[in-house]
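Labels run A, B and C following the written order; every chain starts at residue 1.
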Amino acid sequence: MKLRKTLGDLFAYLILGGLGISMLVPFGWMILASLRDKTEFFRPVEGLFPSGVHWENYLQAWTTVPFAAFFRNSIVVAVAVTAAQLFTSCLAAYAFARLRFRGRDALFIAYLSTMMVPAQVTMIPLFVMMVKLRWIDSHSALIVPFVASAYGCFLLRQFFLTIPQELEDAASIDGAGHWSILGRIVLPLSKPALTAFGLIAFLGSWNSFIWPLIVINRPAMKTLPIGLQSLQGFYGDGNWAVLMAGAVMAALPMIIAFLFAQKHFIEGITLTGLKG
Amino acid sequence: MKARRDGLTAAAFLAPSFVGLFLFSVIPIIGAFTISLLEWDILTPPRYVGLANYAEMWNELRHGETLRTVLANTLYFTAATVPLAMAVSLGVAMLLNRKLWGLAAFRVIYFLPSVTSIVALAIVWRLLYNPEFGLINRFLRALSIPWVSGGQLTLVPLVPNPPGWLADPNWAMPAIILMSVWAGLGYNAILYLAGLQGISSSYYEAARIDGANAWQTFRHITWPLVSPTTLFIFTMSVISGFQVFTQIYMMTAGRPTPQTMVYVYHVYSQAFTSFKLGYASALAFVLFLIILLVTLAQLSITKRWTHYGG
Amino acid sequence: MRRCIAGLLFFATAFALVAGGCARREDGPSQVTLTLACWEGPEGLASLTKLLDRYRAQNPHVRIEIQQVPGSQYYQRLQIQFAAGVAPDIMQMAYDRLPSFAHRNTLHPLDELIERDGFPVNEMFPQLLPALRYRGKFYGLPRGWTTFVLYYNRDMFREAGVPFPREGWTWDDFLTACKKVTKDLDGDGRPDRFGCDAPTQMDGIAFWIWQNGGRLFTPDMSRSLIDSPEAIEAVQFLADCQYKHGVFPTPEQAQDLGGGGEMFRSGRQAMFIQGRWACLNFRGATYPDGRLLDWDVAPLPMKKEKATVLFANCYVLRKDGPNLEEAWKLMKFLTGYEGQRHQARTGRDMPSFVRVAESPDFLDPAQPPDSDRVFLDVARYARPLEVDASTSTVSEMMMEEIAQIFTARKDVRKALSSLARRIDRVQQEAREREHGGQ
């Protein structure tokens, strides 16, 4: 019996290890390639760094396109969107979970139904809106349309419903209004859900590709994903080394954040991924 | 408990999200349908054309090539990635579930692609797929086994002519499929792992006592009990399969060959490159309907197979 | 405490909203700010800035804001800017896009200004002028132009014992040279060096068809002639070069090696057909082992006639823009003699004025190619593409079908017939829209 388990474990290690290597190889290659000279891609080369380690590829990637601006834009937008979505969703979730008013459930269903419509449907009219408002090439176009999130309202409402109402009832007997109940009782108890949703919202904004692609054309206003894409546009097939350097720089922040906050990431994914 | 009418408070609490959703979700949905009835290039005044855009779509489908190819490619992509991704990630999750040492490290390794920008991943995979110098083909060409031929021990290459991947019309889509499955593996595996960990070990105990082998255990215990996760992953994967865009945009690098042109790319290019906003909106609406129908069909079919046992 | 945080969040959001819509700087009392849009890369931008600095020295009250947008998104952005009413005052524009924008009343017609100020358009190369006009009116003036010529690697020709290409060279000579040069150098069964590469764009195909006596369109552009026997023959010749003779690299062989230009530059391809700007790319090019590439230019081969395509890179003005006079002044500078001399010296374009083209500013003997004159000699029979408002759509369709022929081995006759039908349909719809709608 034990043997079977050990054999099974060995098998598992083999598979997981082998597959795991395939997970890491592209990353390793990304880094390796970023430090080579660009001519070393079109002919067979000996050794890891035939002509030395070319750190200047990173400088070139940084300066060919406004990388600093890409980072700045991505951060500003992601932080603003996350803050806004947390704010609007907390309020709405509390209203749906705790307040009583006519048409509450119908309104909640209405909120949910907006999630059913794919982004591709709304992106064209939103684009028209951005053009008419002259918000093209501005942060507003990347932030404002996303201040509310039906998904966030749903998620937080589900979580709020699991919080026992006794604490809140006690507070309201003491005369606390809804605003302070939300702030002093519900929110502190909701840290896991808030963190999870905050992370989802942040990641969603950070990785957003097609929308920034549509509304941002000016290089200095681009976010990281489309900024990196523009680097590919510059060097395409001509300078893989610099392109890889750009890819490494773009991927690094999230990877580092993940390594430091693994628990939160994974909790967030699983919390929001499963229902019931 | 006091029964209170919280109408005013509710209004205040709901206002921000309501305004946001109304202005940027509801209005655009109506707007999208309106635009689909127009012919508009955003520069000159729009022209009302009724259902002409939809008629043009129908026409394209029957006589033209583009829309048919685009739909076929999208279906191909979805039909290939979903089962593959689910199978592999379930397998990985089951292996991870064995309480092995180093579980945390494995989790990190597998999840790494999921937190990396798919743009960066697409770039490195493009290099990996390079027919001449990419790692993948170099590896395939180097794969050889010793063989005795003509009395001599020689190394025979297993794959002397590896595919051209992104450059070969027949291999371009498989290349993108493989990359997409790879990128999403960790995410799905983690979801499955959570689902598996929710299965009480008493079930497995019972199975062991009854003498069930691995396959029987899987078929009668694991698979049914993990079905909520399966349903979720399946539904989400199909929906995102239909909406695939970024990998295609990045890996066929602006030269969209017909072999990899997918639906959302087509919508994007019609709207923002050709500025045929009306037609693109019609395309988007039809996508919405397709996704809706497919999701409803999935839910009704799989409802019968889902077990919500604890 | 929570309230404060919530309040902060609220203000952060509000601030982000406002900051996003942030404004432009206010102009001083007599200051004028002009916006100039271009798609230049880093070197082009540096060169343009130098030129603009000279203009600013002469016109200190003018501030020029350069909007640099990558080529792949350039026209989309322009269209959006026009739609939003924030188009730049002066823009770079390829001549083949001119009709599409002029047609929609976004560009300022220049005839009156040209006449009023006596801008010497008649001192330009005459074959250039039709490319600047739409429906008889001038809408653009050239930053520069070019004819397409044959770049060739002298080392490879010498090594293969093939005489250098020259005026009167035929398609057969071209094919023979390709065959002699295409070699498998490392013995792995696949060629590592090629003769030339397959076209990917409309102007890469057009001159082959012209050389065979064909046309892309009927003279009034009412019908496409890309499925005519002459056109099919021409494209079949190119397809054979790739598939039958194997002297053009297939996509597998060329992909991610940077395409034809990069292949030529790294010494993997003996010939390359392109305009003047390739010179910049190839000057100082080396083989992998570090030797300098020895290259020159020659006229394109001929079949039934001699033909080549020209390309004009223009500046255009926003219609009835707020700073029209100042923008026009800047345009006159950039496209006038001083600007042309500057451009010629950068090696990026051919100057539009005949006098400048014949001067050492363009014919600099110190830099390759030795045969600069070739650009001017072939100008005799250089033609612009026939363009109209639907050219960008047509050009994209053409790229798609060409890709099918050269990457998916689609039958040439089938591809061109279907292309002709598609082009006719697009143009007919455009005509209907014009008459029926606006």
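Basically, a residue touches a chain if its C-beta (ideal position, glycine included) is under 8 Å from a C-beta of that chain, and two chains touch if they have at least 3 such contacts.
In this text, all values refer to a predicted model and were calculated from it rather than measured experimentally.
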item: Intersection of contact partners for subunit B and subunit C; value: A
item: Farthest chain relative to subunit A (centres taken as mean CA coordinates); value: C
item: Approximate Å spacing (C-alpha centroids) for the pair subunit B, subunit C; value: 38
item: Separation of subunit A from subunit C, taking each centre as the mean of its C-alpha atoms, in whole Å; value: 39
item: Geometric centre distance via CA averages, subunit B-subunit A, whole Å; value: 17
item: Sequence positions of subunit A contacting 2 or more other chains; value: 42-43, 84, 87, 131, 144, 147, 233, 236
item: Set of subunit C residues in contact with two or more other chains; value: 72, 76, 80, 83, 255-257
item: Numbers and ranges of subunit B residues touching at least 2 other chains; value: 42, 127, 130, 132-133, 254, 272
item: Touching residues on subunit A, where the partner in the complex is subunit C; value: 39, 42-43, 64, 76, 79-80, 83-84, 86-87, 90, 131-132, 134-136, 138-144, 147, 179-180, 182-184, 187-188, 217-219, 230, 233-234, 236-238
item: Subunit B partner contacts - residues on subunit A that touch it in the complex; value: 8-9, 12-13, 15-16, 19-20, 22-27, 29-30, 33, 41-44, 84, 87-89, 91-92, 94-95, 99-102, 104, 107, 111, 114, 116-129, 131, 144-150, 153, 169, 172, 178, 203, 207, 209-210, 213-214, 224-226, 228-229, 232-233, 236, 240, 243-244, 246-248, 250-251, 254-255, 257-259, 262, 265-266, 269-270, 273-276
item: Contact footprint of subunit A on subunit C as seen in their complex; value: 1-3, 6, 9-10, 12-13, 16-17, 19-22, 41-42, 67-73, 76-77, 80-81, 83-86, 255-259, 262, 266, 288
item: Contact footprint of subunit B on subunit C as seen in their complex; value: 72, 76, 79-80, 82-83, 104, 106, 250-253, 255-257, 392-393, 396, 400, 403-404, 407-408, 418, 433, 437-438
item: Contact set on subunit B toward subunit C in their complex; value: 39, 41-45, 47, 65, 126-127, 130-133, 164, 166-169, 254-255, 257-259, 272-275
